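Note that chain A is present in both complexes that follow, paired respectively with chain B and with chain C.
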Partner chain A sequence: MATDVRTSPVRPARARRRSSQRTTLWAMLLALPTAWMAVFFVASMVIVVLLAFGTTQRDGSPVFGTNLGNFTALWDEVYLRLFLRSVVYALATVVLSAMVAYPVAYAIALHGGRYKNALIAAIVVPFFASYLIRMYAWKALLSDDGLVNSGIRRAGLGDGLTFLNTPWAVIGGLVYGFVVFMILPVYASLERMDVSLIEAGKDLYHSPWRTFFSVTLPATRAGLYGGMVLVFLPALGDFVSAQLLGGSRTFMIGNLIQQQFIGGQNWPLGSAMTVAMMVALGILMFGYLRATATPARET
Partner chain B sequence: MSRTAPTTSRRAFLRGGLAVGAVSALSSCAYIPDDAPAVAPLPRSAKAKVDGDLGYFNWADYLDPSVLKGFQKEYGVKIIESNFDSMEGMYAKIAAGNQYDIVFPIAKWVVKMRREGRLRAIDHEQLDNADQVFYSGSYFNDPWYDPGSRVSVPFTVYKTGIGWRTDKIGSMTGSWRDLWNIEGAGRIFTLDDQDEALAMAALLLGYDVNTAKPSHLDEMRKLLVSQKKYLRAYSSDDINNMTSGDAWIHHMWSGDFLYMREGLAKNKATFDFEAPEEGAPINSDTYAIPANARHPGTAMLFIDYLLRPENAVKNINYLYYPFPVRDAVGAFQDLAKEVPACDVDVADLENPDVFRLLDPAAVQRRTATWTEVKAS
Partner chain C sequence: MSRAKVERKPVAAVVVTVLFFAWLYLPILAVVLFSFNDRKSLAAFTGFSTRWYEAFFHDSALLDSLVASLEIAAVATAGSLLLGTMLALGLDRVHSWRGRAVGAVTLMPLVTPEIVTGVAALLFFTGLSVKLSLTTVVLAEITFSIAYVTVIVRGRLAGIPREVEEAARDLGCTPFQALRQVTLPALVPALVGSGLLVFALVFDDFVLAFFTTGVDPQPLPVRIYSSIRFGVSPAINAVGTLMLAFSALLIVAALLLPRLFHRSSSTRLDLITGGDRR
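Right after this comes the complex of A and B.
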């Protein structure tokens, strides 16, 4: 809209009218999503927050209240350990995702040529299949008598690996589940980057590694950081990977919350866990935004 | 059987608590304290006659599809199927006012729903095949969860025990201690189910499967934690874990075991099942008609249809779970003849190891114990 005004200086009045019409149009278009978010997102969050102060009544249904006990109950070694474990898994997921996503995005953005869009589609399409189904596919692939291990045995490379039900399986599942959220923003920032920068970098530094770390990586920092957040958040709260691929010592915070709601008949405690986690993540996000605000403006 | 076997088990998979749906039920409960009468009056039974299409609410894939098709054809009605993936999810939907004509609660949920007046009476006089389950002397004339069988009809009964690989494990003792068997270390699974896991520990210690006494729970927690070094995972996907070779010893449901052995396994002889001597939890699924059903008459006909022995036989051969339908019992015994431990007899039904409805404080204490076990 701003550019519209600027590019038609001759007839500002008409431009302004068009601009205000557009504002109305935008307002109308925004009304539906705003109402949707208010009703289904904000309202449900409000219920979760209120319920965190609630109790469970005798018939098992949760009721609102003003009870702080759910929060004091969280200050428990067991829960803190689970939270730390989840953070470690989520961080490992972020690191591994970056190691997978960056080369993939780089190869497609800079060497994909006219197949770029097809390659990106090839990466995105499998993610249309439910996360749950893909986890099950992993189980079939990686179980002790699964395809991978049968292959290893047939090729005479040993007895096969025990992969399922280990922390690595959980982290692997998380990476597989969320890596696309890293690939896309990194791809977008590589796409936008001026390739001549790399050429200039090569002239300046000679070594392709130094070029990468001094030119390419800084130029795509915003996309990489964005991808890290997009992977970290769902990985931290996930319960599917730990449930399907995990072992007896890979219980995560998401499993804990789910357990309060399903078998535990303790929605208020589950809600308090959710709120506490949102607060913790909110603080982390705030720190992240503060830390990245300046470099992002530079680029 | 010509079924293109979905290698995921129907109930174990769902019941394991991938209950994404149940979480969405969060918005559907009353949050305002509600002092409903302790025992609500029983809504009257409907007459068995077609009064509309059948709203059917069950675990996914928990009935032979050909039986559903047969009912639609014979009575000229449609079956509109919905599924739940946990009892909590089922209950939340019904409590929120969703209307279904027939629902499949597990025993202790019958207690809860009957108490709250959420289930309609079922008049046995209306059912031509009532004597298939309510014959004289039948346990189900007066089951523990539904005195007088006023609101429910028994569907399946099953027990929880231990399945194992006979080609890998030579030393089984017939005790729950077998879940600590060193021979299977790293290949042992315990069901990812609060009630089942706690019951297993309680039985080993000689306690009631429903115990919520803090001192008992503390001992049970220690016992279960001591199992961890032998354990590969907590999982309710018992069928897949066995067929994929991940599990050599699995805490599992008898019906799942039988389906896995008879329906899926390449080499049946390498699988066996035991119901441990300390006691095996017995559970029953039932069908019932919600009080707010729109077409209870069709639901009555449907119940009657499921009680026909030929339909019960079809369901047995599809599900591998025993049905207490008199003239179909033989079909199950045929299926289970090589693993009689999977069968559930009257003595099993009368045993005290059933999961009862507990008050929320007790459930929460049990959950806290289970959480500590899983998190340690």
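Right after this comes the complex of A and C.
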């Protein structure tokens, strides 16, 4: 659209020279960052994939190779159960995040009035301030001699409860860590939504809940779907929550990978785990995008 | 069912929201409160004291880590601002398949679990026999942060009419002059905003630093992690409070930027929602 304005009054030859000059400039601007990403991101990813087919020497140093041993080693009950557990935790995190995020985004977007931006900022600020410290905050609160348990004891409700080392502590930590990724897209789609649709729905269905499920929810589907991906991705790869709030019974893929690289020193096996996780993620995301893209286009 | 008035407040949603805010802030407030406790207890507040802060400021190892983290964040912010802005400008104007491919690759770090990026960086540096140090942390953090800058700057670029730059060209500017004297000044709010955001993210970042750091000095989050793995302590509360306050300050500044630059925009949260696209 801007093109007509730009090209019509200018003499063609000059316009052509200009555009070629400009293209050179833009290409030069792209060159350095592209090279950077190619070296530091793409190349390092390639190394991970290559090393997944490598082996560990006797002295513990990794060497490249062409065997599938690391992948067959992953086909083991211990590892498979851990993989499954990670996916279940990440899915539970997504579901819980959606259940928390939707009402919050809804209340703020449609009833926040002039405090809308302040409320969203109040959610975003602590989120960007240190994930690690926030996980630590939960650990301190829920530990056996923490504030919650001492409160229970002081109120005479018993000897206190064991919160840490349970799956719920880990999943709760993941929700706490990543729920903002759900709130923001849902909030954005609710903000963008035409409020008169809701009014029309109320006239039509006479019930706020029916209006919600047949008008509001479908209209904000895109935001919800987007939020689900944004929560699932970091939740699946996380190892901090399981490390700080859980224990070996609640370890996730992230903990396993981290152990191979930092403690266990079996880098090829760790690479294979990383590749397996990325492949699983890729398949899940592809299926998910295909399943959600079609209905979204209908509206 | 009661006759639905359009204005009616959704009670359930409001209740969830209030509970959510309590859940969000209570653990943080507990950390802040107990950082001022005069005893070691994390359960009973017995009296006000700043002893844990004094302990922190006398712990030279922790202070070294703090300085290291500030240095990492500063250099990584400068680097990713430069590369991210170049990328945003290039991607905004190069519409070939190559441009789109580059755009897709540079957004990849945003959708890759951080542990994968961390592992990849570790293997890359070790493969090249580069000794792990603060420099390797900075390189990894830049790679990770470029995408944030690019997304924010592109959002702002979309709001600047291309004709402005054209006018500068008509007045005799070279493409580079037009870029430097017209487009870049208009990008300043986005640059400051994304700079603050990246600084806060990198300063707090744990996962990438964990995989790419050398031994001494370690970035602050890595050091904190290794001490809280073995339990909680009031000293960590003091460090945590300082980190939370510092990052919160940066983020608040980033969010308030549009007002600072006297720009009326439909939403003050350009930074998060992607700028003036609407």
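The rule we apply is simple: the second predicted complex is superposed on the first by the 254 of 299 C-alpha atoms of A that agree within 3 Å, B and C clash if a C-alpha of one lies under 4 Å from a C-alpha of the other, contacts with A are read in each partner's own complex, and residues count from 1 in each chain.
Just so it is clear, a residue touches a chain if its C-beta (ideal position, glycine included) is under 8 Å from a C-beta of that chain, and two chains touch if they have at least 3 such contacts.
This one's a predicted model, so the numbers in the text were calculated from it and none came from an experiment.
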item: Combined model on chain A: chain C and chain B, fit or clash; value: clash
item: Contacts of A:258 with chain B and chain C, given as first, second, both or neither; value: both
item: Touching partner for A:267 - first (chain B), second (chain C), both, neither; value: both
item: Partner chain in contact with A:146 - chain B first, chain C second, else both or neither; value: both
item: Comparison of chain B and chain C by chain A residues contacted; value: C
item: Partner chain(s) touched by A:78 [first = chain B, second = chain C, both, neither]; value: first
item: Which superposed partner A:249 touches (first chain B, second chain C, both, neither); value: first
item: Touching partner for A:192 - first (chain B), second (chain C), both, neither; value: second
item: Chain B versus chain C as contact partner of A:165, first or second or both or neither; value: first
item: First, second, both or neither for A:218, with chain B first and chain C second; value: neither
item: Colliding stretch - chain C into chain B, listed as 127-135, 145-153 or 163-171; value: 127-135
item: Chain A residues contacted in one complex by chain B, in the other by chain C; value: 44, 47-48, 51, 132, 136, 139-140, 143, 145-146, 240, 243-244, 258, 261-262, 267
item: Footprint of chain B on chain A - complex, ascending; value: 44, 47-48, 50-51, 54, 56-64, 78-79, 81-82, 132, 136, 139-140, 143-146, 162, 164-165, 240, 243-244, 246-249, 251, 255-256, 258-267, 269
item: Parts of chain A lying in touch with chain C, wherever the complex brings them together; value: 2, 5-6, 18, 21-23, 25-27, 29-30, 32-34, 36-38, 40-45, 47-48, 51, 100, 103-104, 106-108, 110-111, 117, 120-126, 128-134, 136-141, 143, 145-147, 149-150, 176, 184, 188, 191-192, 198-199, 202, 206-208, 211, 229, 233-234, 236-240, 243-244, 254, 257-258, 261-262, 267, 270-271, 274, 277-278, 281
item: Chain A-touching residues of chain C, taken from the complex the two chains share; value: 1, 3-4, 6, 8-10, 12-14, 16-17, 20-21, 23-28, 30-31, 34, 41-44, 83-84, 86-87, 89-91, 93-94, 99, 102, 105-106, 108-109, 111-117, 119-124, 127, 139-140, 142-143, 146, 161-163, 166, 169, 174-176, 179, 197, 200-201, 204, 206-207, 210-211, 221, 224-225, 228-229, 231-232, 236-237, 240, 243-244, 247-248, 251-252, 255, 267-269, 272-273, 278
item: Residue numbers on chain B that touch chain A, as the complex places them; value: 7-8, 16-20, 22-23, 26-27, 29-34, 36, 86, 88-89, 95, 112, 116, 186, 190, 192-195, 228, 231-235, 237, 240, 244-246, 359-360, 363-364, 367, 370-372, 374-376
